[in-house]
Each structure stands twice: as C-alpha cells, then as structure tokens.
Amino acid sequence: MIHLESRIKKCWDLTVLVVTIGTALVIPFSVVFKNTGEPVPILLTFLSTIVFIVDMFVSFNTSFIYQGKNIEDKREVARRYLRGWFTIDLIAALPLGIILTFLLTPEGSAVHLVRVLALIKLFHVGKTMQRIGGTNVNPAILRLSLLVFWILLAAHVASCGWIFLNETPVGTQNYERYIRAFYWTITTITTIGYGDITPEGPRQTLYVIFIEILGAGMYGLVIGNIANLIANIDVAKTQYKEKLDKINTFLKYRNIPVDQQRKINDYYNYLWESRRGYDESSVLADLPGPLKQSVLLFLNKEIIEKVPIFEAAGEDLIKDIIVNMEPVVFTPGDYIVRAGEVGFDMYFISRGRVDVMSADETARYATLTAGQFFGEIALLLSMPRTATIKATEYCDLYRLDKETFDGILTRYPDFMKNIQATADARRAEIDARTQAAKKTKQKD
Amino acid sequence: MIHLESRIKKCWDLTVLVVTIGTALVIPFSVVFKNTGEPVPILLTFLSTIVFIVDMFVSFNTSFIYQGKNIEDKREVARRYLRGWFTIDLIAALPLGIILTFLLTPEGSAVHLVRVLALIKLFHVGKTMQRIGGTNVNPAILRLSLLVFWILLAAHVASCGWIFLNETPVGTQNYERYIRAFYWTITTITTIGYGDITPEGPRQTLYVIFIEILGAGMYGLVIGNIANLIANIDVAKTQYKEKLDKINTFLKYRNIPVDQQRKINDYYNYLWESRRGYDESSVLADLPGPLKQSVLLFLNKEIIEKVPIFEAAGEDLIKDIIVNMEPVVFTPGDYIVRAGEVGFDMYFISRGRVDVMSADETARYATLTAGQFFGEIALLLSMPRTATIKATEYCDLYRLDKETFDGILTRYPDFMKNIQATADARRAEIDARTQAAKKTKQKD
Amino acid sequence: MIHLESRIKKCWDLTVLVVTIGTALVIPFSVVFKNTGEPVPILLTFLSTIVFIVDMFVSFNTSFIYQGKNIEDKREVARRYLRGWFTIDLIAALPLGIILTFLLTPEGSAVHLVRVLALIKLFHVGKTMQRIGGTNVNPAILRLSLLVFWILLAAHVASCGWIFLNETPVGTQNYERYIRAFYWTITTITTIGYGDITPEGPRQTLYVIFIEILGAGMYGLVIGNIANLIANIDVAKTQYKEKLDKINTFLKYRNIPVDQQRKINDYYNYLWESRRGYDESSVLADLPGPLKQSVLLFLNKEIIEKVPIFEAAGEDLIKDIIVNMEPVVFTPGDYIVRAGEVGFDMYFISRGRVDVMSADETARYATLTAGQFFGEIALLLSMPRTATIKATEYCDLYRLDKETFDGILTRYPDFMKNIQATADARRAEIDARTQAAKKTKQKD
Amino acid sequence: MIHLESRIKKCWDLTVLVVTIGTALVIPFSVVFKNTGEPVPILLTFLSTIVFIVDMFVSFNTSFIYQGKNIEDKREVARRYLRGWFTIDLIAALPLGIILTFLLTPEGSAVHLVRVLALIKLFHVGKTMQRIGGTNVNPAILRLSLLVFWILLAAHVASCGWIFLNETPVGTQNYERYIRAFYWTITTITTIGYGDITPEGPRQTLYVIFIEILGAGMYGLVIGNIANLIANIDVAKTQYKEKLDKINTFLKYRNIPVDQQRKINDYYNYLWESRRGYDESSVLADLPGPLKQSVLLFLNKEIIEKVPIFEAAGEDLIKDIIVNMEPVVFTPGDYIVRAGEVGFDMYFISRGRVDVMSADETARYATLTAGQFFGEIALLLSMPRTATIKATEYCDLYRLDKETFDGILTRYPDFMKNIQATADARRAEIDARTQAAKKTKQKD
C-alpha cells in the first residue's frame, strides 16, 4: 500500500502531471495539423496511454486520509476510487491514439477529434498541484498560478481550434500558422483586439463570439484574483498606517498641540520599528501552554541571564516569573516610579535607559539599562518609593505586579532570601547616598 | 388562495419566467426582421399574452408574507398587488402583438416597435429567481448569474438594434446578419473592439457610443462581481494561512530557534488537518441551548461510549459532563500531568496517545489511547499526582475541571460510588507496580 | 449673513453648479469651432461671468462651520475665504470671454484658449455636490457618480482637443465632427479601440498617448469603485450565508446526522426570515439610554398589553421589566421548562406556541400562545416546576431571570400582590387538574 | 561610518536613483538607435559608471539597522553587503559602455546589447523609494506609484524593443519612430489595441504576444491596486453610513414610529457632525498611560478651567478626575436627573444646555451651559435629587460616578471641604426658592 503523502507518491503524481500537460499540448496540435505520422506525437501517445494505465493501478493501491486518519483497507480504497475518479481516468487511459495509429486512419478525418478525450485527465491538475504545494503555498497565489496555467492551456486549445476553422494557406509553415493563431488568441483574450485577423463566415464568427466571452470572463477572473492578492499584501503595515491616520485625524480635529501630536507619532513609529506592529501577547495567545512557555522563555532568556539574582533561581521559578511578567512601554520623559508614592510593581528593563533620581530630581543616583531591574524595595518593605525613576529614552520594560510577586516568593523560599539580601544592600546604599547628599547640602 | 411558497406557485413562476425570456428573445428579433407572418413568433405572441393574463389572476390569488406571517386576506392581497406590480403586468399583458397580427399592419412599420413593451415583464426576473433560489444560493453567485443573464439579453437587444440601424445587404440570410450583429455586440461589450465593423453616419455613431458606455459599465460590473466572489472563496484557509504567516514572521523577527519554529508550524498544521481551522466552541456558540447540547452529545458519543464508568451513567449525567468538558490540544512531548504536583483536572482522550510514567520517567506504567481517561485519582483523594503523563503524539483531550467535577458528583450519588471504585482499584494497581519496581531495583 | 446650510444657499449653490457645468460644456466647444459670433456662447459667457462674480460676494457673506459651531463673524469669514477658494473664484470670474468678444479677436486665434481658464470653477463641483447630498447619500455611490460625471466631462474636453488637432475636412457639419470625435474618445477610454480613427503625425500621436493613459486610469478607477460598491451590497445576507456555510461545513466534516443538520439549518432560516439576521441587542447597543428605552418600549408594547397582570402596572415598572428582559429562541420540540426541576426564569411569549404538560407528557393541560406568560409559580414559591413546557413551533420568548424579578418585585409592592394572586390561582387550578388526572387514572 | 538614516545618505541615494533612472532611459534608446557617437549618451555612460562605483564604496561604509539597533562594525557591514547587493552593484558598475566606446565597436552590432546590463541597478529603486518615503507615505499609494513608474519604464523598454525588431524606414526621424513605437506600446498595454500597427513575421508576432501578456498582467495589477486603494478611502464615513443604514433597516422592518426613527437619525447625525464618528475612548485606548493622560488633560482643560471649584484643585486631583470621567451624550428632551430619585452621578457639561426644574416641571430654577456642573448635592448628602434636570439640546456631558467621587474626596481632604461648601450654598439657595415657590402658591 502506498501512503498518500509519501515521497514516492508525490514523484509519481508529478510524472503524471508532466505527461498530462505534455499530452494536452501535443494532441490538439497533432490533430489540427494532421501530422499523425510524425514520431514525437506517436511516442507521446504511447507514453501517455501507458502512464495513465499505470496511474489507475497506483490509485487502487494508494491509501487515503479520512478525518485525519490514514485508511489503508484495500476494499475501502477501491470503493472510494470507483465512485470517484475511476471513470475519468479510464476514459483518459483509452488507447484511442494507438488504435487510430495502427488503423492508419486517413489524416484529417474528423475521427481524430476523439483523441482530445485524453484531455479529461487535466481535471486532476488542480488537486495534484494543491497536494504537492501542500499548506506551504499561499492559497491566493496557488489559485492565481493555476488560473494562468489554465488560461495559457485554453489559449493553446483555442489557437488550434482557430487553425482548424481556417483554410490552409498554401506555402505557410505549420509553426508560422500556429504563432499567428496563438497571437490572435492572446490579442483577443487580453481584450486588446487589434483587428488584423477577423472571422469570416458564420462558423468562424460563432467561434470568435465563444472565445471572446470565454476570454473576457477569464480576464475578469485574473483581475479579480490580482485585486484579492493585493488586498492581502502588507496587511500589517496597512493596518498600522490606518490606525495612525485615524489617531492623527482625531488629534488634528480636536486641536491637540503639535508637540503632543509629534510625541504620539514618535511612539507609534517606535512600536513599528521595534516590533513591526506585532503585539507579542496576541500573537502567542493561540499557542497551547507548553509551546507558549518555551517561546517566552527563549525571548526573555537574555534579560533573565542578565539579572544577577536570577542566577541562583531554578528553571521552574524562571518559567513562573516569565509567564507572569507583563510587557509595558514608556516614552522618553515618562515617570515610571515617583518617590513617595506607594509602589506595587517591580520592573525589569528589556531595552532602553532610565534615570534613578531624588524626589526633587536634583540628584541623579544612577542610570539603569537593559538587563537591570528596580522597584523591588517598596514591594519588600511596604514603604513608599525611595527614589524617582524616569525614562530617558523609549523603554521596553517587563512589569511584575505585587500579587504575582508575593505568590512566587512564598513558593520559592530560597529565592525569597536572595531577593531580601539584594533589597537590604540597595537600601543601605541609598541611605548612605541620601546622607552624603544632605551633608553636601549642609556644607553649601 | 395559493400559498406564496407552495410548490405549485413555484412551478407557475418558472413557467412565466420561461415564457417571459422566450418572448424577450423572439420579439426584438421578430420586429427587426419584420417576419410578422411566420408561425413561431405568432404562436409565442399568443402564448405569452395568455400566460401574462393568467399570471395576473394568479397574483390576485396568492398570499404574501409580511413580517414572517402569511397574509391570505383577499382584499389585502389585491390592494398590495394593485399598488405594486399590477401596472407593469397589465402593460406586459396587452395583446398588442395579437392586434397587430390581426390588423395585418404592413411589415417593417415603426408601429411594430410598440410590441417591445412586453419586455417590461422582465422586471420580474430578478425577484422570481431569488424566490426560487431561496436562501440556498450564495447571494454573490446569484447576483453574478443574474448579471450575466442581463448582459446576454442586453447583447441580444443591442444586436437587434444594430441590425435595425444598418441597411439590409442584398442576399444575406437573416441568421447570418444576426450572427454578425451579435459578434459586433460581444466584441464591443468585452472591450475587444476588432474594428472590422464600425459605424457610419451620426445615427450609427451615436448608437455605438451608447452601447460602448453601457458595455464598459457592464464589464466593470462583471469584474467587480468576480472580484467580490473571489474575495470570499476559501476564506477559512486564507485566514488560517495569514495567521500562520503572521506568527512565522514574528518568530523569524525575534530569532526563535528553528526547531521551535518547526514545532509551532507542525502544531498549526495539525489543527488545520484535524479540524480545518474550525474552532468547535466558536462554531456552536450561536446555537440555542438544546441544539448545541444535541450536537455536542453526538460529537462525543464515541468517547463516552468508550469510557467504562459511563456505562452506568444516565443521559442527564452524560449531558452535564459533555457540556462542561473543555477541549484541549497537546503536542508530542508535552507534560499533561506531572507526578508530585497537586492536580485539579481529569482528562478524557479523544484522539492520540499518552504515556503514564514514574516521576523520574524511567518506568512506563501504561500507554493510554482514545477512549481512555486519567487524572481522576488526585481529584478524588486530594493527594499529589501519582504518575507523570506525557503526550507521545498530538492529543485531543477533553478536560473536566475539579469544580464541575465536584458539582456533578454531588448531583449524581450513584455515579460518585462508581468513580470511587475505579479510583481505588487504580491506586491499588499503581501501588503494586511501584512496589514491584522497587523490588526490581533492589534486586539490581 | 447667509447660513451655510440654509435653503437659499443650497439653491444658489445649485445655480452656480448648473452654470459652471454649462460653461464647461460650451467653452471648449466654442473655442474649437471658433464660433465666437454665435448668440448662445456669448450669452452663456456673460451669464457665467455675472454669476461667478455674484458668487464671490455670496461667499464673503456666508457663515462657515468650525467644530460644530456656526461662525458668522464677517472678518473671520473673509479671512477664511481669502486664504481658500478666493483665487480660484477670481480667475474663473475674469471676464475674458467678454473682453475677447468686444475686442473682436480674429476667430481661431490661439488667444481664445485662454477662456478655458473659466473651467477652474469646476473644482467646486465635488464639494458642492457633497454639501447638497449631505449625509443622506452613500459616499461610495456619490464618489462613483462624481467619477462618471468627471469622465464624461473629460471625454467632452478630450473630444474638443481631438477636433482641435485635426484638419477641418471640407463639407462636414460641426455636430458631425463632434460626434465622430466623441465616438473616438469613448472608444478609446473604454479601451475598446476599434482603430477606424487613428492618429497621424507626432502631435496627434502624443495626444493619443496622453488620452490613452488617462482613459485607462479612469477606467481602472471606475472598475475599482464598482468593485468597492459591490463588496458592500447585501452585506447582511452575505454574512448570514457565510456563517451558515461555515456551520454546515463543520457539521458535514464531523458527520453530524442529517436530521440534526436540517434542524440547525431550519433554525438559521427562521432567524433570517423573522429578523433578517439583525440581532436586536447589538443594533440597539450604541443608542443612548432614553432612546433605547423608547424603542424597546415600542417593540414590546404589544406583548405587555397582552399580559393581563401588566394592566395594573405603572409605566416605570414596565420600563424596568422591558429593559431587563432577555430575548431567547426555542426550536420546535425543545423543552423550555421541565416538571420537577427547580426553575429560575419566567417567560413571556412574543411569538409561537408552547404546550403545558404533565411530567410524563401524557396529559396536556394547556397551550399558551403569543401574549401569555408562564414560569412564575416556581419563582414565587421556591418549589420545583409543576409542569413540563415544550415548544411546538419556533418560539420567540422573553426571559426574566429570578434576580431581576426579585429586584423588581421589592421595588413595586402593589405589583407584587398582583403577581402573587395570579400564581395562587394558577396553582389551585393545576392542583385540581392533577387531582382530576389521578382520579381518572384510578378509575382506569 | 555613514548612518543609514542620515541626511547625507538620503541625498546620495536620491542621486543614485536619478542617475539609475536616467541610465535606464538613455541606454535602451542609445542601443536601438545606434547613436554611440553622440555626446549625451557617452557622458551619461561615464557618469553612471562613476556614480555606481562610488555607490559601492558608500555601501561598504554605511551602517545598517538590525532589530532596532544601528550596526556600525565594518566587518559586519562588509559581510552583509557582500552577501546581499554586492553582485548586482558590481555588474551595474562594469564600465561596459566606456570600453565599447573606446573600442569604437561598429554601430548596431549586437555587442551593444550587453550595455543593457546596467539596468540591473534598477532593482534598488523600490527599496530606495521606500527608505526615502519612510513611514509617512501610505503603503498602498507608494505601491501604486512604484507600479506606474515600472509600467512607464517597461513601456519605454518595450518601445525600444519594437524599434529594434522593425526595419528602419528611410527618411523618418528617430524621435518620430520612437513616438510611434511608444504609441504602439501604450495602445497595447492599456488593452485598447487600435490595430493600425500590427506585427509581421514570426519574430515580431512572438514579441507582440509577449508584450500583450505582460501588458494585460500589468493592467490587471493597476486595477487591483486602484480597487484596493478605493476600498480604503473614507473608511470612517462608510462605516458610519453602513451602521446607520443597518439601524434604519431594522427600525423600518420593526415598524418603529417615524418620529422615533427621525430622533435616532438626528442622534447619529449629531455624533458624526460633532466627532466624525470617532469614539474618544477607543482612539486613545492604545496609548501608554502618561500620553493618554496628557491628551485627556488638554481635551478637558477648557471645562476644568470653567468649573469654579477646580480653581483650588491641584494638578494631581485634576488628572485623577479627568481620567475617571466618562463621556455621555443626551438628546434634546432626555431627563438626565429626576427629582426624588436617589442619584449616584455628578455631571460636568462640556457642550449643550440643560434646564433645572421643579419635580412637576412647572418652575424652571436655572439653565446650565458648557462649563457648569450639577448633581453633586445628592452625592454629598445621601438624599434624593432635589430637582429635575432635562437636556434642551444635544448635550455632551462627563459623568463622575459616586464610587470614584468618594475615592477622590478621601484622597484630597482640602478639595472635600471646597465641594461641601458649594453643596451647602446650593442647598440653601434651592430651599429658599422652594420656600418662595410655596409662598407664591399659597398666595395664589
């Protein structure tokens, strides 16, 4: 039993595809030019008949997938095939071309038209290409490609039909006649219509009417498909742009001062530059728990490795913290923490730079950058913030709120001590600095 | 009184539709070629007049639907009809063709143009097709079909108009002239414009300008409709593809390792293959309670029949459990339950395979597959999970959380005992295995 | 001061619009055919110059709206006008045509081309039409109409240009030449291109290239607008259809039994027929409180008038109940209430029919229809439902849950007594029936 | 090291862009007309070769941006460039034109075709224009502009190709031949196809087929892009219109009285006129806290400055109140507060006018307008509303609910006293009025 999605089945499908298309190209050409005696068409006729017969055997031995399960039962497979593609495959596999060749039917007799039946195998093309393309190809692009393929094939058949309906001019070569016919078909299908080749007599006129309606419909399909494709290009950037336009119209309509408008635009530009409009949490929302955890772990690996107190933390603790951190953005000049307020959050800096300052913003104690953290003192000691912290550039921070923080601390007693030690050390340092600052002031 | 949606009314509407279209095709032809004496047009003229008169009687006796109610009051029906379609139907039913036939008006006199009035009946076509198509036909497809119908009819009328404006060439047959005129119309409407047939004199030129504007507008409508149709093809797959593209762009932009990227892609492929991107809960969200319950019951019948302890459960209990189960997906290698953790959930396996292992993953106690369940021990005994359970392939599980579980148990005391017995047996078995494992270790 | 949105201003704008369009049509015609001496163009030249000058005075005296406020300050109005449309209006109002007429400049001199400057007034057309159309016209339709207007006007100007570039053939009338030129323009713009009229010499060729690019772009705009319009036709029905398609695909994919599939389809059909896919609550969600209340009051007036116990209720009570009722739908055969269950809801029937039955469904106590209510007993007495109630057709009910019910009762003590009395009476009646049923059974 | 986004780099990019386009225009022209000896092409050939070589040096010294960071490491830059654009830039910079000029190769030899290789530099155009346009240009418009640019350039090249394939007619000037060829190309690409210039011989025919397919595809792209652009024009107004249509269909379908329908339409018109369909809260929802606060502060500055009791309030208090106020709209005639009801809200009037009246609406105590506030009495004293307040026109109010109000009062004790004083004064005033009213009544 051959598995439907095995490599060998795909190769075979590709072979059948190539032979089918080859046949579809050669048969109309061969019928119209009555070149039944030439070697290439005869060979291809033999080849295609053999390949199509073998393909039927292959189909009887290929499993199929039903509701995600691979069905390999031979009788099930046969029943499904007999009900489905069997008839079409059988007609395509009839050795009409071979029989006609052996019967040496007079060239140009209408009997040869029967060979066009083999083109029925073309119905497989869409399915096969979809199966080979799989889920990796954008369905809109696949559809447009298939459409172009069908149009070119139809143009080929229409050209042969046009040759069939026109008298043979003496002394013109077959390939020249075909090029002229194909030129006429394309000129018509693209709705250009030069008018240097026009129909004569009712038979040709009716044929042209048919091709025109077909061609115009096809061209409409092409334009519709292209419009659909374009509507889905660059959706992320278009949406971001629309959002920004909307907010700017609002700001202008309400006469918001220009510097505030510029600040808001800068903020959105930063969002776009730094994350291409993707919102981390919404992108990851659909993933099942373990996958989401591992992505978040990777994304924040860097910052966790940088924070000294996490060196001693176990993997479980890190996962707990990571899943519970909330990403926030601050723009330059925003106050993240104000001295004297009672704080509820601790922050990890992922990107950017903040200033730690005294309450009156006269003294700058420190500048913290990516990989550092702050705000843990107030959380531990239930006292007001001891310093003001201000963003000096765009900052991506991760916020850890008190509730989660307390929950995590109780679950990991070892880590609790670690944090406590760091907090004590930092408080001592700040006290010392404040003392020093006071002394300096007294001196002044 | 005939019911508006009865079978007989639909058949009659179809008859009127066919006669109307037939009349619309024959009258312009007949007027232009002045073949008033031929039998087919005369017969059709008689037939259409009779049918249109009968249709008026039918309309007076057909109920109508107002705000979901069927109104059968004769006076209401008459008033509504007189205010609405009556005038149009009356004009269409005027026996102008019959009168002209009897008067033996000279052929080709402009008087015959008056017969074109019967085409007013065509206004019914859209409504009738919509009523026959009902809610089963996609409105976009119905609109496109109607448009193509109108275009072909307009092309027919435009062709007759073109013949009317051109001198009769001697010796050409009517059908040949019609084919040439129709060829010219189609060539113009499809914007191909070969230019082998062009207008002469102001009258023809003005006519061509009119047809060109009309044709270009129609072609625009066709393309617009096709674009609209295509935009709604395969929406589910396109949306799924877009989502996957978005997540992949994000993963690449943030440099997530390739194996994690592959894992996430595999997960989405599994989702698509197993449920075509449909989210069970969102699809069923709009259904009223009882319908939703019966669908869910059917969907999970299989698994419930497989779980042994449900054999004794009544229908009400099963419904209670089914409505409260939450579908979850695990990818290969995910831990579903970890030994030592305190568990809150019980799981039913709908599809896939999980391994029950010791805490250190050295010993594999069992492999559970579709129709089996686990996790009930910790729920019953308020003790840590006794084993680690890991998905070995993609698993569709149904989760039953402790709260619902407890609620259900208290409501169904019989079932409570059943579950308790199963839990006790399983614990005994695990204890025995652990003992055996210890002994084996001691021996080693 | 004239108010911007006054009737008189709109009439004046319409006059200016008509004169502008008339001028735009006549001037190019007049310039090309050098018929400076004829009365109609001269009159129109005078008229347009006068109207345009008056329009400038009007503009200086028309208030404008800024952020919803009507500004009538004369200096503000003048400043705004001088900064905005003034220059354009001034150029359009220059009496160039009058001067040239008085100067009796030789016909056909290039100097006359300067008169085309008056066409600058056309820039007003879009604004004016938008102001007259107001918010009542669909913006997509307005845009398409304006586009068609511009295209026809451009075609007129392009035709005049074509005449200008071609030698005057001897003996052809002006109107014939114009028709031929207009025919050429339309044939080109619609991309038909018969090719019976083609350019000669570089000057004409360059002109044709320009018109072709313009025409193709315009045609693209028309198609784009039409596609956009079509995408917004019948959105409600399309969305409903898509939803139904989605649910049907799901049902088929999961092999839900055919009768359940039919039941679900029937349910959606009922929803569509009875409320055209509108969800009452979502449509009314945006309305401010009082407006919403009055709409709901009107919608449910009927049912409230039918319920006997509401006869004594005051308007405030009715409003309270109406705002707190929740619409629900039951399909035929659904159980609304089951005997023995503890009930929490009372129901008002808005449409449909339900059967009140004994617990074993053997005895049918009553059939309730639109305007009746049930379920109040269990609410009042905290006892299990005394009867089973089953929908026999599609039912639109309004549900009143216990919490709201209790809240309302405490706030309206009079009404409380009323409800209590009804409940007591009904309970007595049911008891009597049950007794009678028991006796009948005992007899059997 | 040059910064990628520096002004100098942008200028250089613009220079390269202009030279590239110039080269792309001149080279095909020059090759086809074999005018190798003329000065302009030779100069441009030299110039472009030099510019392209310099550009390679510039590229080796330009930093690049990777994940929001500016990379200036020379080796990193070189590695990135060598892997990327280097090969293309090298081919474009090959001095083929110069060599051929010096070798004095015979004019018209096929060797000159090699110079077309310099056109490979055009691959840069899209990137460069995107970088210069930045995030300020709508991506849909940028894409359409680029497309038109590419189409015109392709038309230029196709025209040169057409000249190349046609024999030189004796006595025609180069520029005339070019215009005819360009005319043919545009006529074909826009699918007009006059047919006055048609191919002869297989070589020309094949070339025409190629151009036709290309042109039709390009035209499809143009239409698709235009359709996409139009779909995004005026989205706000279209959505507003659709919403209004939907609600109107619902109102008509449910037979809501005409005056209620008009009232609802007026309400939506007011919303559109006063805020262009923007919902303040949804527009500001995405902004980070501090930015949002400053916008709201600015928007409500006016009203806060008008309310007397806020004069004494600190900035923090004002921010607290502003962030917690909820915007509400009342239509004319709506009751905002009813005498006797227990109130929970205080209101600030932002726009509009309300009447303060006695419970029976006989006496009008006051009329309040923008900048005034009411409803604080009931909040402070836990007593029923002392007056009825009714909107007399459309009112934009800000509501402050009791919970927030109490929270704010406790946090700002100074402000609490202020409010209390105002409330006491107002109560005294109302009492006095009521007394006076009673006395007047007693007198009557």
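By written order: A, B, C and D. Residues from 1 in each chain.
One rule holds for everything that comes next: contacts are C-beta pairs under 8 Å (C-beta built on N, C-alpha and C of every residue); 3 or more make two chains touch, one makes a residue touch a chain.
Bear in mind that the values here come from a model prediction, so they are computed numbers and not experimental data.
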item: Given subunit C and subunit D, the chains that contact each of them; value: A, B
item: Intersection of contact partners for subunit A and subunit B; value: C, D
item: Furthest chain, CA centroid comparison against subunit C; value: A
item: Self-contact between copies subunit A and subunit D, residue sets same or different by half; value: different
item: Subunit A and subunit C: spacing of chain centres that average the CA atoms, whole Å; value: 35
item: Interchain centroid distance [CA atoms averaged], subunit B/subunit C, Å; value: 25
item: Where subunit B touches two or more other chains, by residue; value: 191-195, 223, 227-228, 231, 253
item: Of all residues in subunit C, those that touch subunit D in their complex; value: 68, 135, 138-140, 143, 188, 191-195, 198-199, 202, 205-206, 208-209, 212-213, 215-217, 220-221, 223-225, 227-228, 231-232, 235-236, 275-276, 278, 280, 283, 286-291, 294-295, 298-299
item: Interface residues, subunit C side, partner subunit A - complex; value: 67, 191-195, 223, 227, 253
item: Contact set on subunit C toward subunit B in their complex; value: 175-176, 179-180, 182-183, 186-187, 189-196, 219, 222-223, 226-231, 233-234, 237-238, 241-247, 249-251, 253-254, 256-257, 260, 263-264, 267, 269, 272-274, 328-331, 334-335, 351
